[in-house]
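Paired with chain B in one complex and with chain C in the other, chain A is shared by the two complexes that follow.
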Partner chain A sequence: MFTIVRDLIRYNIEFAIGLLILLLLIGAVVLSFFSPYPAADIYVVPPDMPPDAEFWLGTTSRGQDTFWQLMIGLRNTLGFGVGVAFLSRILSLVVGLTAGYAGGRTDRVLMAINDSIMVIPQFPILVLFYFVLKDNMNWLMLVLILSALGWSYDARLIRSIAMSLRTRPFTMQSVYSGMSMRKILVEEHLPYVMPIVFATTMNNMIWSIGMEITLSVLGFTDVDTPTMGQMIYWANSHSALISGIWWWVAAPVGAIVILFVGLFLLSMSMNEYIDPRSRLNRMGN
Partner chain B sequence: MTAYLIFVARRFGQLLLVVFLGISATFFITHMTPVDPVAETISVITNFSKADPEAIELMRKTLTELYGLQGNVFEQYISFWSRLLRGDLGPSLSAFPTPVSQIIFRALPWTVGLMISATLISFLIGNALGALAGYYRKSRILKIVSLGLIGLQPIPYYILAFILLILFGFVWPVLPIAGGYEMNADLTLSFSLVLDIIRHSILPALALVLVGAGSWLTGMRALTSNIVTEDYVTFAELGGVGSTRILRSYVVRNALVPQLTGLAMSLGAIFNGTVITEIVFGYPGIGTLLIDAVHAGDYSLVLGLASLSIVGVAIAVFLIDILSPLLDPRIKAE
Partner chain C sequence: MQTEALLHTPKAASEPILAVENLKAYYTTKAFGIDRDIRAVDDISLTIAKGEIYGVAGESSSGKTSLIKTIVGAIRPPLHVVGGSVCFNFEGQAYNIYDLGPDELQTIRWRHLSYIMQGSMNVLNPVRRIKHSFFDFAFAHMGLDRATFWDKVREHLRRLDLDPGVLDSYPHQLSGGMRQRTTIALATVCTPEFIVADEPTTALDVIVQRDVLTMLRDIQRDLGSSFLFVTHDMSVHATVSDRIGIVYAGRLVEEADTPTLFRGARHPYTQHLVASLPKIGDATRRASLSGRPPSLADPPAGCRFHPRCPLAMDICSKQVPPLNPLAPRHRVACFAVSGATS
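And then the complex of A and B:
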């Protein structure tokens, strides 16, 4: 494991940059626990102060320190993404491994459901959820909904690997030595799909965080918890751009772009690690 | 040919399943929640005025009927489907008594137009650049352009659109940043109106193209760089076939089929992006309509928009899926 990471850092510049950004983000998350102000409190500092030595990223019109809001927002947004990724990975593993191993009717039924979820446009569904839940909409709920929508693509990927694993001799041997299906899937097949699961985690986080930001900016989530999207929501509702409080908008937008590029670089370099053909292409250059 | 017909029939079955599951999902989302739409609507109506209890009771009865909420869940489910199949989505509340379907069909051309043009442009640009980058792998310009487009690809639609809005609205205001046409435009068909509509669609389309092109580029570049190592391409090169012709008829033609399958698979995401981009630029399509409906508490309009999105995207995916094998003479549709 350590050598893999070391080699990736040495030979793959995308991975090195992605890892650096990830470490910075983790640093921000750790830092957020030392915030001098409670996250949801407003008017704790003078409002509308431009960035200076005391307030590194200025203050908002709601009297909050932009820097500390950003740190706490990053923590919540990342936590949200990790939560969705974790739950939806479990779903896609269960569906993908079962469908690939069982085959036949089970496979057809699971994949029919899978493909249906894949093509359904999610944004109107999410808006519909907000519309009927309104104030009952909380973060746990949103994590559950996005997990339920975000597993299908990766389940297909896992299934395609599981299908080839099924025909391998060691699976035969496990069957003949009387292992149960659950045991074969968890102990024999799971380790083979783990690299794919890690790579898809990054893509899933890109997707779920993007949705969170969009919904929050529109005010369709619990807007009292600071997240990246929520910061833009409040900045917009105070017309920060028109009144010249540009740092209030620039800070979250900049952080979001860095966050997404970092996640994307990691997912790209992991795909390359999994698929040796693209490594050959790199050598060809 | 029979194999193709069987393929189409099976895909049609899948289409029906998607529509059934999607519509059922919207039904159960709206009916399995603690929130009562009738009570919500009444509270919206009576918010700023006093109303007679009898009138409220009458209103409750009418609304229950309009929303198809009489009887138990199973009866409601049946009546929901029968109304939907007749194309009757009920009257809109915020624009009472205009039928929801009429409001949606007024917004639909904007969304469809924006989505089709942006998808076509990003598909063409992304695939063309991807093919070139995969074929001429040493070109530095192509590498830089690819890097730029790939770097934009993970950024959420909302944020990219928002950045464009800031750039072209505040920093360098050259393009209109809101609406689909000038406020006081004369809406009879004329050259200046068409020009105006195109000018207003540049920024929303640009946001969609910038996010979309990168993924086509990556896919096409990988496909192309695999195909150029095939024997028949080497053979054609040795036989003195021009590189433009090799690229066009030997490489791209082969690589395009999986890309079309990719288009069918990502159509739902593209639709999401279009809807979200519309919201940023206040474009008069389905996205803006959806948000307005949510803010106005227009129950039947929100439900109608969600159902229609599912049906529309499912049909579009079905069409791409059944048309793409026709482009590839090798595939006997399976």
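And then the complex of A and C:
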């Protein structure tokens, strides 16, 4: 594991940059716990101050320090992405491996559910959830809802691999030696699909964070938990761009761009590591 | 290879460890309006004595592997058993494979009955170290604690001239022959009484073949196990098998001790098979039988060999020749040999 990471850093510049960005973000998450102000408090500092030595990223019209808001927002946003990715990976692994291995009726039932979720238009459903839940819609609830919507594509991907694994001699040998289905899936097939799961994790995080930001910017989530999207929401509602408080918008937008670039680079280098043939594609003819 | 083999004497038949009676297993497909049976194993009876190496020979798609799978009970749809029985005798207790429940089946598999499957060098999980495969497949059947289990595994590998270091390797780090021998070690680590090996030497070069065959013989000698050994390679049979059964189109057509089969085969198919083998110093062209093996979905009536048989008579296309004993350990299914009465 360590040598793989070392070699990737040495020979894969995308991975090195992605990892650096990820480490910076993790640093921000750690830093957020030392914030001098509680996240939800307003008018703790003079409002509308431009960036200077005391307020590195200025202050907002609500009297909050933009820098500390950004740190706490990054923590929530990253936690959101990781939470959704983790839960939806479990769902997609269970469904994908079971459907691919069991086949037959189990496969048809699971894939019917899978395909139904796949064709549901996600954004309208999320808005609908907000209007139904209203005040009960919080950060955790959104994690659960997005996890329940975000596993179907990857479940299909894992199923396709499981279907091939099912016919391999080592699976037949496992069956013959009397391993239970659960054991075969966990011990024999899971290690096989794990690299693919890692690669899809990055994509899933990009998707879920993007979704959360979209909902927050439009105000369709709990706007009291600071996230990247929530910062933009409050900046918009105070017409920050028009009144010249550009740092209030620039800080979260810049952070989101950096976060996405980092995740994208990691996802790409991960794909390249798993499938070296993609290197040839990038080399051209 | 042949001359060496022709020297070994058949072992005395004791109480059989395996008795297969009138076994029939068909691949049944019912899909999109096509409804047919592929009769891959059709009415096969045989017995194998304790400590005996029984070879099954036949050409591709003659039903060798299907026969093996049916005997060890490793079948999955569309292959299913239509009739007959497979009865093992382990430690004085009879086990009828198709009467046992899944739990009882698990108690005899690996412990008593081991199966080296076709393409067996791929039975090791490519993404896990070999020790995990050993643990997953064999640990539950040995009933030992971990330390004793690993000691036993290492000792077994050493006995088979394998470095115990292979346990820490991934399968792709080993050569084909090493992988094959590791797989055989894996299949025999529980010292089973009956080992079924399906084409264990196919796709290996002759030197590795020799290693693998020597190893199988050593295991057989050490453990006193019985072997059911399948390959289409007659020279391998000559080296390893005590007794050979020839399968043609899902049926057993002739069965005899190895020397008898190579020197005095009676069934016309076996005669042609043996005559087709190259011999050192004999440069004559080998004649090939005309025609092709029949489709098992729609086999010819009567004897399945009759469309290609030089000795075919009227009765051959009407009645199925029974597998009659010709000599004490020699059975032939042919009207031209055993007479037209049945």
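Observations on the model:
The rule is simple: the second predicted complex is superposed on the first by the 279 of 285 C-alpha atoms of A that agree within 3 Å, B and C clash if a C-alpha of one lies under 4 Å from a C-alpha of the other, contacts with A are read in each partner's own complex, and residues count from 1 in each chain.
We take it that a contact is a pair of C-beta atoms (placed from the backbone, for glycine too) under 8 Å apart; a residue touches a chain by one contact, two chains touch by 3 or more.
This is a predicted model, so every value here is computed, not measured.
Chain B and chain C, once both complexes are superposed via chain A, fit side by side.
In the superposition on chain A, A:G178 makes contact with chain C only, not with chain B.
By the touch criterion stated above, A:G103 is placed in contact with neither chain B nor chain C.
Touched residues of chain A, counted separately for chain B and chain C, are more numerous for B.
Taking the C-alpha centre of chain A as the vertex, the lines to the centres of chain B and chain C open to an angle of 100 degrees, rounded to the nearest 10. By the touch criterion defined above, A:P47 lies against neither chain B nor chain C after alignment on the C-alpha atoms of chain A.
In the superposition on chain A, contact is made by A:F264 with chain B only, not with chain C. When the two structures are aligned on the shared chain, A:Y130 is found in touch with chain B, with no touch to chain C.
By the touch criterion stated above, A:G63 is placed in contact with neither chain B nor chain C. In the superposed model, A:I206 makes contact with chain B only, not with chain C. Least inter-chain distance for chain B and chain C in the combined superposition, rounded to the nearest angstrom, is 12, based on C-alpha atoms. Residue overlap on chain A between the chain B contacts of one complex and the chain C contacts of the other is empty.
By the touch criterion given at the top, residues 112-113, 115-125, 127-134, 136, 206, 209-211, 213-214, 217-218, 220, 232, 241, 249, 253, 256-257, 260-261, 263-264, 277-278, 281, 284-285 of chain A touch chain B in their complex. By the touch criterion given at the top, residues 14, 17-18, 21-22, 25-26, 29-30, 33-35, 37, 137-138, 151, 153-159, 162-163, 166, 170, 222, 225-226, 264-265, 267-268, 271-272, 275-276, 279, 290-291, 294, 299, 302-303, 305-306, 309-310, 313-314, 317 of chain B touch chain A in their complex. Of all residues in chain A, only 168-170, 172-179, 183, 187-188, 191-192 touch chain C in the complex they form. Put simply, chain C touches chain A in their complex at residues 72, 74, 105-106, 109-110, 115, 117-120, 122-128, 132-133, 136-138, 140-141.
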